[in-house]
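Should a chain be cited, it is by its letter among A, B, C and D, assigned in written order, with residues numbered from 1 in that chain.
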Amino acid sequence: MAVKIRYLFSERGDRWEVKIMGEVDIHSTPEVKEKLELILDEREKGMIINAEELDYIDSTGLGMLIGIVKRLKQNDLELVLAKPQPSVLKLFRITGLDKVIRIREE
Amino acid sequence: MEIFKLNIPNKKEYVISARLAATSVAGIHGYDIEKVDDIRLAVGEACNNVVLHGRGSKSIDIVIQVEEKFMKISVSDQGEGFIHGQISSPTPEDYMGSGLGLYIIDSLMDEMVVESEQEKGTTIHMIKNR
Amino acid sequence: MEIFKLNIPNKKEYVISARLAATSVAGIHGYDIEKVDDIRLAVGEACNNVVLHGRGSKSIDIVIQVEEKFMKISVSDQGEGFIHGQISSPTPEDYMGSGLGLYIIDSLMDEMVVESEQEKGTTIHMIKNR
Amino acid sequence: MAVKIRYLFSERGDRWEVKIMGEVDIHSTPEVKEKLELILDEREKGMIINAEELDYIDSTGLGMLIGIVKRLKQNDLELVLAKPQPSVLKLFRITGLDKVIRIREE
(Lines give C-alpha, C1' and ligand atoms only; values in the text may rest on other atoms or scores of the structure.)
Protein backbone atom coordinates (compact mmCIF):
# COMPACT_ATOMS: atom_id res chain seq x y z
CA MET A 1 0.00 0.00 0.00
CA ALA A 2 1.03 3.60 -0.52
CA VAL A 3 0.63 4.46 3.14
CA LYS A 4 1.75 2.99 6.46
CA ILE A 5 0.77 3.92 9.99
CA ARG A 6 2.54 3.17 13.25
CA TYR A 7 1.15 4.25 16.60
CA LEU A 8 1.56 3.93 20.32
CA PHE A 9 0.02 5.53 23.34
CA SER A 10 2.43 7.68 25.32
CA GLU A 11 1.48 7.48 29.00
CA ARG A 12 3.93 10.23 29.75
CA GLY A 13 2.50 12.62 27.18
CA ASP A 14 -1.03 11.27 27.75
CA ARG A 15 -1.58 11.21 24.02
CA TRP A 16 -1.36 9.10 20.92
CA GLU A 17 1.86 9.21 18.95
CA VAL A 18 1.14 8.34 15.38
CA LYS A 19 3.55 8.12 12.49
CA ILE A 20 2.13 8.32 8.98
CA MET A 21 4.50 7.23 6.24
CA GLY A 22 4.01 7.47 2.50
CA GLU A 23 1.20 9.14 0.60
CA VAL A 24 -2.17 10.21 1.91
CA ASP A 25 -4.22 10.77 -1.21
CA ILE A 26 -7.66 10.18 -2.67
CA HIS A 27 -6.92 6.46 -2.69
CA SER A 28 -5.41 5.99 0.75
CA THR A 29 -7.30 8.64 2.74
CA PRO A 30 -10.28 6.40 3.65
CA GLU A 31 -7.90 3.80 5.07
CA VAL A 32 -6.01 6.41 7.10
CA LYS A 33 -9.27 7.93 8.36
CA GLU A 34 -10.51 4.55 9.51
CA LYS A 35 -7.26 3.79 11.28
CA LEU A 36 -7.09 7.13 13.11
CA GLU A 37 -10.71 6.80 14.20
CA LEU A 38 -10.13 3.29 15.50
CA ILE A 39 -7.17 4.57 17.48
CA LEU A 40 -9.28 7.31 19.05
CA ASP A 41 -12.11 4.87 19.70
CA GLU A 42 -9.69 2.89 21.82
CA ARG A 43 -8.81 5.96 23.89
CA GLU A 44 -10.16 9.41 23.25
CA LYS A 45 -6.96 11.37 23.73
CA GLY A 46 -4.92 14.03 21.99
CA MET A 47 -2.76 13.00 19.06
CA ILE A 48 0.58 13.98 17.62
CA ILE A 49 1.29 12.91 14.06
CA ASN A 50 4.92 12.49 13.10
CA ALA A 51 4.99 13.60 9.47
CA GLU A 52 8.71 13.17 8.82
CA GLU A 53 8.03 10.40 6.35
CA LEU A 54 4.73 11.70 5.07
CA ASP A 55 5.74 12.30 1.47
CA TYR A 56 2.46 13.60 0.14
CA ILE A 57 -0.94 14.72 1.31
CA ASP A 58 -3.70 16.23 -0.80
CA SER A 59 -7.00 17.98 -0.12
CA THR A 60 -8.76 14.70 0.64
CA GLY A 61 -6.16 14.06 3.33
CA LEU A 62 -6.55 17.59 4.70
CA GLY A 63 -10.32 17.12 4.85
CA MET A 64 -9.79 13.93 6.79
CA LEU A 65 -7.45 15.64 9.28
CA ILE A 66 -9.96 18.44 9.79
CA GLY A 67 -12.49 15.77 10.69
CA ILE A 68 -10.10 14.43 13.33
CA VAL A 69 -9.47 17.93 14.68
CA LYS A 70 -13.21 18.51 15.05
CA ARG A 71 -13.70 15.24 16.86
CA LEU A 72 -10.86 16.01 19.27
CA LYS A 73 -12.04 19.58 19.85
CA GLN A 74 -15.32 18.31 21.30
CA ASN A 75 -13.29 16.94 24.18
CA ASP A 76 -10.88 19.86 24.29
CA LEU A 77 -8.13 17.72 22.84
CA GLU A 78 -5.54 18.70 20.30
CA LEU A 79 -4.04 17.40 17.06
CA VAL A 80 -0.40 18.29 16.43
CA LEU A 81 1.50 17.74 13.21
CA ALA A 82 5.22 17.31 13.83
CA LYS A 83 8.13 17.63 11.44
CA PRO A 84 6.24 18.04 8.15
CA GLN A 85 8.28 18.00 4.95
CA PRO A 86 8.53 21.35 3.14
CA SER A 87 5.85 20.51 0.58
CA VAL A 88 3.41 19.44 3.29
CA LEU A 89 4.14 22.53 5.35
CA LYS A 90 3.57 24.69 2.28
CA LEU A 91 0.18 23.09 1.69
CA PHE A 92 -0.85 23.71 5.29
CA ARG A 93 0.21 27.33 4.96
CA ILE A 94 -1.55 28.14 1.71
CA THR A 95 -4.78 26.53 2.86
CA GLY A 96 -4.63 28.18 6.28
CA LEU A 97 -4.78 24.80 7.96
CA ASP A 98 -1.74 25.75 10.02
CA LYS A 99 -4.18 27.86 12.02
CA VAL A 100 -6.39 24.89 12.79
CA ILE A 101 -3.81 22.18 13.35
CA ARG A 102 -0.77 23.02 15.44
CA ILE A 103 2.46 22.44 13.54
CA ARG A 104 5.68 21.56 15.31
CA GLU A 105 8.40 22.10 12.79
CA GLU A 106 11.58 21.15 14.63
CA MET B 1 8.54 21.68 -27.57
CA GLU B 2 7.89 18.25 -26.19
CA ILE B 3 4.59 16.57 -25.56
CA PHE B 4 3.79 13.86 -23.09
CA LYS B 5 0.33 12.25 -22.99
CA LEU B 6 -1.30 9.98 -20.51
CA ASN B 7 -4.73 8.41 -20.49
CA ILE B 8 -5.78 6.66 -17.30
CA PRO B 9 -9.01 5.09 -16.09
CA ASN B 10 -11.15 7.48 -14.06
CA LYS B 11 -10.45 5.70 -10.79
CA LYS B 12 -8.88 6.84 -7.58
CA GLU B 13 -6.10 4.27 -7.62
CA TYR B 14 -4.72 5.66 -10.89
CA VAL B 15 -4.29 9.23 -9.77
CA ILE B 16 -0.88 8.33 -8.43
CA SER B 17 0.25 7.37 -11.94
CA ALA B 18 -0.64 10.82 -13.22
CA ARG B 19 1.28 12.42 -10.37
CA LEU B 20 4.28 10.21 -11.05
CA ALA B 21 4.22 11.00 -14.74
CA ALA B 22 4.03 14.74 -14.17
CA THR B 23 6.80 14.73 -11.58
CA SER B 24 9.04 12.63 -13.75
CA VAL B 25 8.59 14.98 -16.71
CA ALA B 26 9.27 17.99 -14.51
CA GLY B 27 12.30 16.27 -13.03
CA ILE B 28 13.66 15.37 -16.46
CA HIS B 29 13.45 19.01 -17.42
CA GLY B 30 15.33 20.18 -14.39
CA TYR B 31 12.54 21.77 -12.36
CA ASP B 32 13.65 22.18 -8.74
CA ILE B 33 12.18 20.09 -5.95
CA GLU B 34 9.76 22.72 -4.74
CA LYS B 35 8.32 23.18 -8.22
CA VAL B 36 8.14 19.45 -8.81
CA ASP B 37 6.20 19.12 -5.56
CA ASP B 38 3.85 21.93 -6.60
CA ILE B 39 3.21 20.22 -9.93
CA ARG B 40 2.65 16.88 -8.23
CA LEU B 41 -0.01 18.31 -5.97
CA ALA B 42 -1.70 20.39 -8.69
CA VAL B 43 -1.97 17.38 -11.00
CA GLY B 44 -3.18 15.27 -8.08
CA GLU B 45 -5.92 17.76 -7.26
CA ALA B 46 -7.02 18.11 -10.88
CA CYS B 47 -7.30 14.33 -11.20
CA ASN B 48 -9.04 14.04 -7.83
CA ASN B 49 -11.69 16.41 -9.16
CA VAL B 50 -12.36 14.15 -12.12
CA VAL B 51 -12.66 11.11 -9.87
CA LEU B 52 -14.89 12.98 -7.42
CA HIS B 53 -17.00 15.09 -9.75
CA GLY B 54 -16.55 13.80 -13.29
CA ARG B 55 -18.51 10.62 -12.89
CA GLY B 56 -19.64 10.56 -16.50
CA SER B 57 -16.07 10.23 -17.74
CA LYS B 58 -14.50 6.83 -18.33
CA SER B 59 -10.98 8.12 -18.35
CA ILE B 60 -8.74 11.07 -17.57
CA ASP B 61 -6.42 12.65 -20.14
CA ILE B 62 -3.28 14.32 -18.98
CA VAL B 63 -1.28 16.25 -21.57
CA ILE B 64 2.03 17.78 -20.61
CA GLN B 65 3.69 20.23 -22.93
CA VAL B 66 7.20 21.29 -22.11
CA GLU B 67 8.37 24.63 -23.44
CA GLU B 68 11.62 26.39 -22.85
CA LYS B 69 10.30 28.72 -20.18
CA PHE B 70 7.32 26.84 -18.77
CA MET B 71 5.41 23.61 -18.58
CA LYS B 72 1.75 23.41 -19.48
CA ILE B 73 -0.35 20.60 -18.08
CA SER B 74 -3.94 19.93 -19.09
CA VAL B 75 -6.18 17.51 -17.27
CA SER B 76 -9.38 16.67 -19.14
CA ASP B 77 -12.47 14.60 -18.63
CA GLN B 78 -15.68 13.90 -20.51
CA GLY B 79 -17.82 14.27 -17.41
CA GLU B 80 -20.76 16.48 -16.54
CA GLY B 81 -18.84 19.72 -16.45
CA PHE B 82 -19.62 22.56 -14.07
CA ILE B 83 -19.96 26.31 -13.89
CA HIS B 84 -16.76 27.75 -12.63
CA GLY B 85 -16.89 30.93 -10.60
CA GLN B 86 -14.40 32.93 -8.63
CA ILE B 87 -11.75 31.15 -6.60
CA SER B 88 -11.79 32.34 -3.01
CA SER B 89 -9.57 31.55 -0.04
CA PRO B 90 -10.87 28.68 2.00
CA THR B 91 -11.85 29.22 5.62
CA PRO B 92 -10.54 26.07 7.25
CA GLU B 93 -12.46 26.60 10.49
CA ASP B 94 -15.77 25.90 8.78
CA TYR B 95 -14.27 23.78 6.07
CA MET B 96 -16.29 20.63 5.52
CA GLY B 97 -13.91 18.78 3.26
CA SER B 98 -14.60 20.44 -0.05
CA GLY B 99 -13.70 23.50 -2.03
CA LEU B 100 -9.94 23.23 -1.64
CA GLY B 101 -8.84 21.56 -4.87
CA LEU B 102 -9.05 24.42 -7.36
CA TYR B 103 -7.77 26.85 -4.76
CA ILE B 104 -4.67 24.71 -4.22
CA ILE B 105 -4.01 24.45 -7.95
CA ASP B 106 -4.46 28.19 -8.37
CA SER B 107 -2.07 28.88 -5.49
CA LEU B 108 0.68 26.51 -6.58
CA MET B 109 0.70 27.07 -10.31
CA ASP B 110 1.55 30.24 -12.20
CA GLU B 111 -1.62 30.08 -14.25
CA MET B 112 -4.83 28.12 -14.11
CA VAL B 113 -7.64 28.17 -16.63
CA VAL B 114 -10.78 26.11 -16.22
CA GLU B 115 -12.65 25.23 -19.37
CA SER B 116 -15.87 23.39 -18.70
CA GLU B 117 -18.98 22.72 -20.69
CA GLN B 118 -22.01 21.06 -19.21
CA GLU B 119 -22.55 17.50 -20.43
CA LYS B 120 -19.30 17.76 -22.41
CA GLY B 121 -16.60 17.76 -19.78
CA THR B 122 -13.88 19.77 -18.19
CA THR B 123 -10.30 20.68 -18.93
CA ILE B 124 -8.05 22.33 -16.40
CA HIS B 125 -5.05 24.02 -17.95
CA MET B 126 -2.17 24.76 -15.64
CA ILE B 127 1.10 26.51 -16.30
CA LYS B 128 4.21 26.29 -14.19
CA ASN B 129 7.10 28.55 -15.08
CA ARG B 130 10.57 27.16 -14.94
CA MET C 1 -10.74 -4.51 -18.33
CA GLU C 2 -8.81 -1.33 -17.77
CA ILE C 3 -6.70 0.59 -20.23
CA PHE C 4 -3.81 2.87 -19.53
CA LYS C 5 -2.14 4.83 -22.34
CA LEU C 6 1.05 6.79 -22.46
CA ASN C 7 2.65 8.71 -25.27
CA ILE C 8 6.18 9.97 -24.69
CA PRO C 9 8.76 11.67 -26.88
CA ASN C 10 11.19 9.21 -28.46
CA LYS C 11 14.09 10.29 -26.27
CA LYS C 12 16.23 8.41 -23.85
CA GLU C 13 15.37 10.59 -20.86
CA TYR C 14 11.68 9.67 -21.10
CA VAL C 15 12.10 5.92 -20.93
CA ILE C 16 12.03 6.16 -17.15
CA SER C 17 8.51 7.61 -17.31
CA ALA C 18 7.31 4.57 -19.22
CA ARG C 19 8.91 2.27 -16.68
CA LEU C 20 7.35 4.20 -13.82
CA ALA C 21 3.94 4.11 -15.43
CA ALA C 22 4.08 0.37 -16.05
CA THR C 23 5.30 -0.41 -12.55
CA SER C 24 2.67 1.78 -10.97
CA VAL C 25 -0.10 0.07 -12.93
CA ALA C 26 1.27 -3.36 -12.01
CA GLY C 27 1.58 -2.29 -8.37
CA ILE C 28 -1.97 -0.95 -8.30
CA HIS C 29 -3.18 -4.31 -9.51
CA GLY C 30 -1.34 -6.21 -6.85
CA TYR C 31 1.43 -7.81 -8.88
CA ASP C 32 4.20 -8.99 -6.57
CA ILE C 33 7.59 -7.29 -6.46
CA GLU C 34 9.35 -9.80 -8.67
CA LYS C 35 6.73 -9.45 -11.40
CA VAL C 36 6.71 -5.68 -11.10
CA ASP C 37 10.49 -5.72 -11.57
CA ASP C 38 10.15 -8.00 -14.61
CA ILE C 39 7.61 -5.65 -16.14
CA ARG C 40 9.78 -2.63 -15.41
CA LEU C 41 12.72 -4.14 -17.22
CA ALA C 42 10.70 -5.46 -20.14
CA VAL C 43 9.07 -2.08 -20.75
CA GLY C 44 12.45 -0.41 -20.35
CA GLU C 45 14.01 -2.67 -22.97
CA ALA C 46 11.14 -2.23 -25.40
CA CYS C 47 11.41 1.55 -25.11
CA ASN C 48 15.20 1.43 -25.35
CA ASN C 49 14.79 -0.33 -28.68
CA VAL C 50 12.65 2.49 -30.01
CA VAL C 51 15.18 5.08 -28.88
CA LEU C 52 18.08 3.08 -30.31
CA HIS C 53 16.57 1.68 -33.50
CA GLY C 54 13.33 3.54 -34.19
CA ARG C 55 14.84 6.78 -35.28
CA GLY C 56 12.05 7.65 -37.65
CA SER C 57 9.52 7.77 -34.82
CA LYS C 58 8.76 11.02 -33.02
CA SER C 59 7.16 9.35 -30.06
CA ILE C 60 6.60 6.06 -28.27
CA ASP C 61 3.16 4.72 -27.42
CA ILE C 62 2.72 2.50 -24.43
CA VAL C 63 -0.65 0.85 -23.95
CA ILE C 64 -1.32 -1.21 -20.87
CA GLN C 65 -4.38 -3.37 -20.68
CA VAL C 66 -5.18 -4.95 -17.37
CA GLU C 67 -7.26 -8.12 -17.41
CA GLU C 68 -8.26 -10.33 -14.56
CA LYS C 69 -5.58 -12.92 -15.15
CA PHE C 70 -2.89 -10.99 -16.98
CA MET C 71 -1.54 -7.65 -18.06
CA LYS C 72 -0.84 -6.87 -21.69
CA ILE C 73 1.60 -4.14 -22.56
CA SER C 74 2.21 -2.87 -26.08
CA VAL C 75 5.08 -0.59 -26.98
CA SER C 76 4.77 0.95 -30.45
CA ASP C 77 6.73 3.23 -32.68
CA GLN C 78 6.41 4.64 -36.18
CA GLY C 79 10.02 3.96 -37.01
CA GLU C 80 11.75 1.99 -39.73
CA GLY C 81 10.66 -1.41 -38.53
CA PHE C 82 12.79 -4.54 -38.86
CA ILE C 83 12.63 -8.19 -39.77
CA HIS C 84 12.31 -10.18 -36.64
CA GLY C 85 13.82 -13.65 -36.55
CA GLN C 86 14.35 -16.25 -33.91
CA ILE C 87 15.33 -15.19 -30.40
CA SER C 88 18.45 -17.01 -29.28
CA SER C 89 20.35 -17.04 -26.02
CA PRO C 90 23.07 -14.45 -25.90
CA THR C 91 26.68 -15.53 -25.51
CA PRO C 92 28.02 -12.91 -23.13
CA GLU C 93 31.66 -13.80 -23.77
CA ASP C 94 31.54 -12.39 -27.28
CA TYR C 95 28.73 -10.01 -26.54
CA MET C 96 29.40 -6.59 -28.02
CA GLY C 97 26.62 -4.67 -26.36
CA SER C 98 23.71 -5.59 -28.58
CA GLY C 99 21.19 -8.32 -29.07
CA LEU C 100 20.07 -8.57 -25.45
CA GLY C 101 16.89 -6.49 -25.39
CA LEU C 102 14.39 -8.79 -27.03
CA TYR C 103 15.93 -11.79 -25.33
CA ILE C 104 15.42 -10.17 -21.92
CA ILE C 105 11.80 -9.31 -22.70
CA ASP C 106 11.16 -12.82 -23.94
CA SER C 107 12.71 -14.29 -20.79
CA LEU C 108 10.90 -12.10 -18.29
CA MET C 109 7.44 -11.98 -19.80
CA ASP C 110 5.01 -14.84 -20.32
CA GLU C 111 4.46 -13.95 -23.93
CA MET C 112 6.12 -11.67 -26.45
CA VAL C 113 4.96 -10.94 -29.97
CA VAL C 114 6.85 -8.63 -32.30
CA GLU C 115 4.86 -6.98 -35.03
CA SER C 116 6.98 -4.94 -37.37
CA GLU C 117 6.52 -3.56 -40.83
CA GLN C 118 9.27 -1.85 -42.72
CA GLU C 119 8.81 1.92 -43.03
CA LYS C 120 5.69 1.65 -40.88
CA GLY C 121 6.96 0.86 -37.43
CA THR C 122 7.08 -1.72 -34.73
CA THR C 123 4.85 -2.90 -31.91
CA ILE C 124 6.04 -5.23 -29.21
CA HIS C 125 3.21 -6.95 -27.38
CA MET C 126 4.06 -8.42 -24.02
CA ILE C 127 1.93 -10.39 -21.62
CA LYS C 128 2.61 -10.94 -17.95
CA ASN C 129 0.36 -13.30 -16.07
CA ARG C 130 -0.77 -12.37 -12.62
CA MET D 1 20.34 12.64 -11.67
CA ALA D 2 19.03 9.11 -11.57
CA VAL D 3 22.41 7.64 -10.71
CA LYS D 4 25.13 8.34 -8.15
CA ILE D 5 28.61 6.91 -7.87
CA ARG D 6 30.95 6.85 -4.87
CA TYR D 7 34.42 5.35 -5.06
CA LEU D 8 37.68 4.93 -3.22
CA PHE D 9 40.84 2.99 -3.76
CA SER D 10 41.40 0.26 -1.20
CA GLU D 11 45.14 -0.12 -0.63
CA ARG D 12 44.51 -3.24 1.39
CA GLY D 13 42.46 -4.93 -1.32
CA ASP D 14 44.56 -3.30 -4.06
CA ARG D 15 41.40 -2.49 -5.96
CA TRP D 16 38.78 0.12 -6.55
CA GLU D 17 35.66 -0.02 -4.41
CA VAL D 18 32.82 1.59 -6.26
CA LYS D 19 29.25 2.03 -5.13
CA ILE D 20 26.63 2.64 -7.79
CA MET D 21 23.31 3.92 -6.50
CA GLY D 22 20.09 4.43 -8.39
CA GLU D 23 19.29 3.48 -11.97
CA VAL D 24 21.71 2.58 -14.74
CA ASP D 25 19.64 2.85 -17.88
CA ILE D 26 19.78 4.10 -21.45
CA HIS D 27 19.91 7.64 -20.12
CA SER D 28 22.48 7.30 -17.36
CA THR D 29 24.73 4.57 -18.79
CA PRO D 30 27.02 6.95 -20.73
CA GLU D 31 27.68 8.94 -17.58
CA VAL D 32 28.45 5.79 -15.57
CA LYS D 33 30.71 4.47 -18.31
CA GLU D 34 32.68 7.70 -18.40
CA LYS D 35 33.06 7.75 -14.64
CA LEU D 36 34.25 4.13 -14.39
CA GLU D 37 36.73 4.66 -17.20
CA LEU D 38 38.11 7.79 -15.55
CA ILE D 39 38.55 5.84 -12.34
CA LEU D 40 40.48 3.11 -14.15
CA ASP D 41 42.52 5.71 -16.03
CA GLU D 42 43.69 6.96 -12.68
CA ARG D 43 44.86 3.50 -11.64
CA GLU D 44 44.40 0.41 -13.73
CA LYS D 45 43.30 -1.97 -10.98
CA GLY D 46 40.55 -4.48 -10.27
CA MET D 47 37.16 -3.19 -9.25
CA ILE D 48 34.39 -4.27 -6.92
CA ILE D 49 31.01 -2.66 -7.44
CA ASN D 50 28.73 -2.50 -4.44
CA ALA D 51 25.28 -2.94 -5.96
CA GLU D 52 23.24 -2.84 -2.76
CA GLU D 53 21.60 0.40 -3.82
CA LEU D 54 21.61 -0.26 -7.54
CA ASP D 55 17.87 -0.30 -8.10
CA TYR D 56 17.83 -0.92 -11.80
CA ILE D 57 20.12 -1.84 -14.64
CA ASP D 58 19.14 -2.61 -18.22
CA SER D 59 20.89 -4.06 -21.27
CA THR D 60 22.69 -0.81 -22.00
CA GLY D 61 24.16 -0.98 -18.49
CA LEU D 62 25.12 -4.61 -18.96
CA GLY D 63 26.85 -3.76 -22.22
CA MET D 64 28.78 -1.05 -20.44
CA LEU D 65 29.88 -3.45 -17.68
CA ILE D 66 31.01 -5.98 -20.26
CA GLY D 67 33.17 -3.26 -21.75
CA ILE D 68 34.77 -2.70 -18.34
CA VAL D 69 35.32 -6.44 -17.88
CA LYS D 70 37.08 -6.64 -21.24
CA ARG D 71 39.32 -3.73 -20.40
CA LEU D 72 40.27 -5.23 -17.05
CA LYS D 73 40.84 -8.69 -18.54
CA GLN D 74 43.62 -7.35 -20.73
CA ASN D 75 45.59 -6.76 -17.53
CA ASP D 76 44.36 -9.92 -15.84
CA LEU D 77 42.19 -7.87 -13.52
CA GLU D 78 38.73 -8.67 -12.31
CA LEU D 79 35.35 -6.98 -11.94
CA VAL D 80 33.19 -8.16 -9.04
CA LEU D 81 29.57 -7.25 -8.43
CA ALA D 82 28.68 -7.36 -4.75
CA LYS D 83 25.28 -7.59 -3.08
CA PRO D 84 23.04 -7.17 -6.12
CA GLN D 85 19.32 -6.79 -5.47
CA PRO D 86 17.16 -9.77 -6.53
CA SER D 87 16.03 -8.16 -9.80
CA VAL D 88 19.61 -7.33 -10.79
CA LEU D 89 20.80 -10.81 -9.90
CA LYS D 90 17.99 -12.28 -11.97
CA LEU D 91 19.02 -10.23 -14.98
CA PHE D 92 22.62 -11.37 -14.66
CA ARG D 93 21.45 -14.97 -14.45
CA ILE D 94 19.12 -14.95 -17.45
CA THR D 95 21.65 -13.22 -19.66
CA GLY D 96 24.49 -15.49 -18.51
CA LEU D 97 26.48 -12.47 -17.40
CA ASP D 98 27.00 -14.12 -14.03
CA LYS D 99 29.54 -16.26 -15.87
CA VAL D 100 31.50 -13.26 -17.04
CA ILE D 101 31.30 -11.00 -14.00
CA ARG D 102 31.86 -12.55 -10.60
CA ILE D 103 28.91 -12.02 -8.28
CA ARG D 104 29.33 -11.84 -4.53
CA GLU D 105 25.88 -12.24 -3.10
CA GLU D 106 26.42 -12.04 0.65
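The criterion applied here is as follows: contacts are C-beta pairs under 8 Å (C-beta built on N, C-alpha and C of every residue); 3 or more make two chains touch, one makes a residue touch a chain.
Since this is a predicted model, take the numbers as computed values, not measurements.
Undergrad: Averaging over Cα atoms per chain, report the distance between chain B and chain C in Å.
TA: The mean C-alpha positions of chain B and chain C differ by 28 Å.
Undergrad: Between chain A and chain B, what is the gap in Å from one C-alpha centre to the other?
TA: About 25 Å, centre to centre.
Undergrad: Just the number, please: Cα centre separation of chain A and chain C in whole Å.
TA: Their C-alpha centroids are separated by 41 Å.
Undergrad: Mind pulling the chain A residues that touch 2 or more other chains?
TA: none
Undergrad: Any chance you could list the residues of chain C touching two or more other chains?
TA: Those would be 13, 16.
Undergrad: Name the graph shape formed by the protein chains and their touching pairs; answer line, ring, star, complete or other.
TA: Topology of touching chains reads as a line.
Undergrad: All pairs of touching chains, please: list them by chain label.
TA: In this structure, the chains touch in these pairs: A-B, B-C, C-D.
Undergrad: Quick check: in the complex, which residue numbers of chain D touch chain C?
TA: Those in contact with chain C are residues 2, 23, 25-27, 56, 58-60, 62-64, 66-67, 86-87, 90-91, 94-97, 99-100.
Undergrad: Would you pull the chain B residues touching chain A in the complex into a rising list?
TA: 12-13, 15-16, 19, 34, 37-38, 40-41, 44-45, 47-48, 51-52, 89-93, 95-98, 100-101, 103-104, 107-108
Undergrad: For a test of understanding, state which residues of chain B touch chain C in their complex under the given definition.
TA: Result: residues 2-9, 11, 13-14, 16-17, 20-21, 24-25, 28, 59 of chain B touch chain C.
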